[in-house]
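Structures incoming, each one as structure tokens.
Each of the next two complexes has subunit A plus one more chain, namely subunit B in the first and subunit C in the second.
The block that comes next holds the complex of A and B.
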């Protein structure tokens, strides 16, 4: 259209109406707006970069240190190794039996993750859908356990694990029966309040109609759970799986308390053993740390999509 | 197939009564529509029949079996949900077969029944798809299919058309009717849409605030509504309900006069109708007719008039309602009174 003869503002409006120019972005758009936008974007990116750096630099330094010699680690700051070496990794595997620790961690984290998936989904379904007396109070009690720090539960749990094996176990021939070992670590973490909470919240988002349809389709409680609800809870199961695996894989507290036999040590305890009274063996310590991150990273990359959906859904409905 | 009886059924949630002393007999093979505004208790009545809500008082019978304490799956009914409630992770085939498998029906029998239902509903091509790969209309048909394969004593339908667009709704309405007539299964159909009720039901039960207002065939409810609520609820556009003072000569004190927009005529002088003048506010052109919004003595009146008449806003019209089409209601009790 011809806008030559029109006053400037009207011309821009006419063009905008025609779709030839967006309002405000014409030759005489709002002065300074574009620059303000650019400044705002620059500030936002700077802040994001700084926050990202805050997390990334320690990680990069870990990787860098794992490829140094011990002498290099004490020779002052440098982001990259002065002499690249894989001796840290070699040492982690051969001197400190990193392979064994990895297997132990995998057994413990795997067992706890599996039991959390099974028990939290059953329990979460019950808390979300079954009507039984005291349901809300019980759920509050479960959530309440999140407020008790592990340090406070240490002594009672330790005493329970020591004393709760009945005497007859010894009489039937299991003389060295004990839960102060890997079994104990698994036993006390079979299901967590966080997992139960996540599963419950997710089940609450699944329409009740589906369960009623299943009820009319002659499915009992357990069949409804297994055939209808569980297949729909993928995102929540992914979230519980990742959080539990990552938590137990990295856990130091309970393994340090309960694992007394070196053959049952997990990676975090193994890593802690690189640290002596007068010296820390930084290269093997960092090499073990880098290796320990790999499984978590892989799992997160594979299931990230479901994980985000699961956590988001749990947060939507209270 | 079986009859269904609500025998003085009441449902309370805490202090609130959702359904009060509900008495209704649905004969074998009948298509009964429960209709009313939201919150009137129609869905609760249906859910009690399905066994999804417990009955607080009274009895529900399917055939001559009292089902109050019988689990939903043993009541031999099938329900179509408003949301369809299809299992999202299962194929159409599995959705249809799920109930039969749970009932331990023989595999070959399941296959026969599922394929027959799929044929009836034209789902043959879609049998391997999952619900998210289907259109709204197709999902609706799968939901119906899930009810059909059960071969139940009664179909329970809870607003099954409300998620469809207007055109598809009209089409599916006819399909459900055809299906029900072919199968001859007793059907209880819940809707808030009086047009759906009028077009589908052998009989209609109108509910308000948990109380049954009137039961009868559509014509009866249309011609002889028992009270003001039914008069105003059934029919589209709604019946004109005006104080008798607005219509000179309608007669009576403390009465409300009711007449349908389609019964209003342009007065041609004489006749035995009740004549009145009214001022035209707005004219809605409907194609074959025009809906004229009028006011008389500050009261709104609607009239459906032939399109041949040239009517414009602001015009004063002389109108009439035939005496035999005029209904009178008591303003206090809201019940219809005969003159």
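The block that comes next holds the complex of A and C.
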């Protein structure tokens, strides 16, 4: 895995800028082609609208059901609720504890996002700018962690959180600590290789002159990072923050492994357990699903282009 | 810069400046590196170590390759978990690629609302798998939207799609092909935009039609893109967990029909507290995925889209 040959960063950067370079439309200006082009465009529009509708229907149906009464869900087909009610949301929040789960999801995703921003930006700055022996090897090691699948890590990490970590923190006076819980979920995701990679790549694109000026000023390395580099890294920080938040907000695997106490459930785990317990209680289940989706939808609408940067970073996995 | 360097050399010497930079560098990466070492590198060796013991709630006796021998004869693992995972991968990967490529070609046309369409096609990839799975369960329920539509089309299907042994896995395949097609679309879009425009101009001058241009020019030129998407898709498919866990439960029901290898491992570890055995499953799966990645690399060369 060599860093220079990493896949689609450049092409995807263009995408991030909403690059309008339209391949596949080079036929303009050729005589006799205009009609064929118009037919093609019409077909493309039709297909796109149909597919977009197909993609949207499940979500719209979910929203529609979340505002129904239970009786309404079994009374045969109707596009909109026969009686609009927010009781599905009320039940989800109060009877089935999704208020608590939403808070838990926000705490876990928030903590992991914050620590990713701090650790990845400091580490990314060092990997991009500071010279120290073994730097390239260490960075390869970071990227190499992307090849280690979660299923291999499940058992060792579980046992480390049960035995090793509590013993270690016991030595420094934190007794009876437990990590098979929310703290464990946060601890094992403090920083990701993807975040570090994104930050390093971005710092590499910042011109060196700015730091040189700071060095002449005799500003220390941390000051250079803090006062010069960090303020310039806004887009990268936004991408790392948004992607980390989205990933951890949606995550199922580690919470399913580590969260045993119901009061610490996240929304996805809450949905899973609700789903098995109350199969056909659709309105609150759909309300919970809306709850899981809406924050990500809002972030997506506001910051679309940063998600594309994440796809570029996912390319690291190749 | 040269002046500043000279000045500094007089004061402290170049060596000390370099040393300082090195020490600070190590300091800045220390925390992330310690983290990666502890939670990624150490677990590789530790997983193998655990797999050599009869390790349940507590560490039991050393059993050598015992857990691996048990796994070799474990019919639930091979007949259901491995089989389902391979069937799932064999179907979902081509579907994802075909859907992703189609969507990419369509939204790569120069037409209005392109950004909107891209966003609409991409969004299912970003929504929580738990929400998507519960929505799918609802739509594919016995009296759900899908069966209602089928009924109006004159086809009567009265069972819940996820509850029937014969339709559960195919339904998950369809579901995941849909949700991940947006991600594959973005990968293909990046690959499409890397194709130089003059290639198309030459084709147009030669009078090649749209389909011929796609078949003879676009598709072959996308080879690096195909490879990249295939790798990402296969690696993802071999590790499928969420939808089986959410829809089939930890046991991968009904009757193991949605049990995947990762779900099986999860169940052995968290459900049955057989850590030694689960660790052995993890080591075998890791070796398998690693081998598949290597083979793909040898067959197609390096992954590059741009």
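Annotations
Operating definition for what follows: the second predicted complex is superposed on the first by the 226 of 318 C-alpha atoms of A that agree within 3 Å, B and C clash if a C-alpha of one lies under 4 Å from a C-alpha of the other, contacts with A are read in each partner's own complex, and residues count from 1 in each chain.
In the analysis below, contacts are C-beta pairs under 8 Å (C-beta built on N, C-alpha and C of every residue); 3 or more make two chains touch, one makes a residue touch a chain.
A quick note: this is a predicted structure, and the numbers were derived from the prediction, not measured.
Within the superposed three-chain arrangement, the count of touched residues of subunit A is higher for C, of the candidates subunit B and subunit C. Of the two partner chains, subunit C is the only one touched by A:158; subunit B is not. By the touch criterion stated above, A:196 is placed in contact with subunit C alone, subunit B being left untouched. Once chain A of one complex is fitted onto chain A of the other, the partner contacts of A:46 are absent, as it touches neither subunit B nor subunit C. Once the two complexes are laid over each other on the shared chain, residue contacts for A:215 go to subunit B and to subunit C alike.
Once the two complexes are overlaid on the shared chain, A:95 sits clear of subunit B and of subunit C alike. After overlaying the two complexes on the shared chain, residue contacts for A:293 are found with subunit C alone; subunit B is out of touch.
Of the two partner chains, subunit B is the only one touched by A:227; subunit C is not. Note: residues 212, 215-216 of subunit A belong to the subunit B contact set and to the subunit C contact set alike, using the contact criterion stated above.
By the touch rule above, subunit C contacts subunit A in their complex via residues 1, 4, 18, 21-26, 28-29, 31-33, 35-36, 38-44, 46-47, 50, 103, 105-111, 113, 115-117, 119-124, 126-139, 141, 143, 145, 148, 178, 183, 186-187, 189-195, 197-198, 200-201, 203-205, 209-210, 213-214, 218, 228, 231-232, 235, 239, 241-242, 245-246, 249, 261-262, 265-266, 269-270, 275, 278-279, 281-283, 285-286, 289-290, 293, 302-306. Partner subunit A is touched in their complex by these residues of subunit B: 50-52, 72-73, 77-79, 81-83, 85-89, 98-99, 102-103, 146. Chain contact summary for the complex, subunit A toward subunit B: residues 207, 209-210, 212-219, 223, 227-228, 231-232. By the touch criterion stated above, subunit A contacts subunit C in their complex at residues 5, 7-12, 14-15, 18-27, 30, 33, 36, 40-41, 44-45, 47-48, 51-52, 55-56, 58-59, 61-62, 65, 74, 77, 119-120, 122-123, 125-127, 130-133, 135, 138, 141-142, 145, 147-160, 188, 190-191, 193, 196, 212, 215-216, 220-222, 225, 246, 249-250, 252-253, 256-257, 267-269, 271-272, 275-276, 280, 282, 285-286, 288-290, 292-293, 296-297, 300-301, 304, 307-308, 311-312, 314-315, 317-318.
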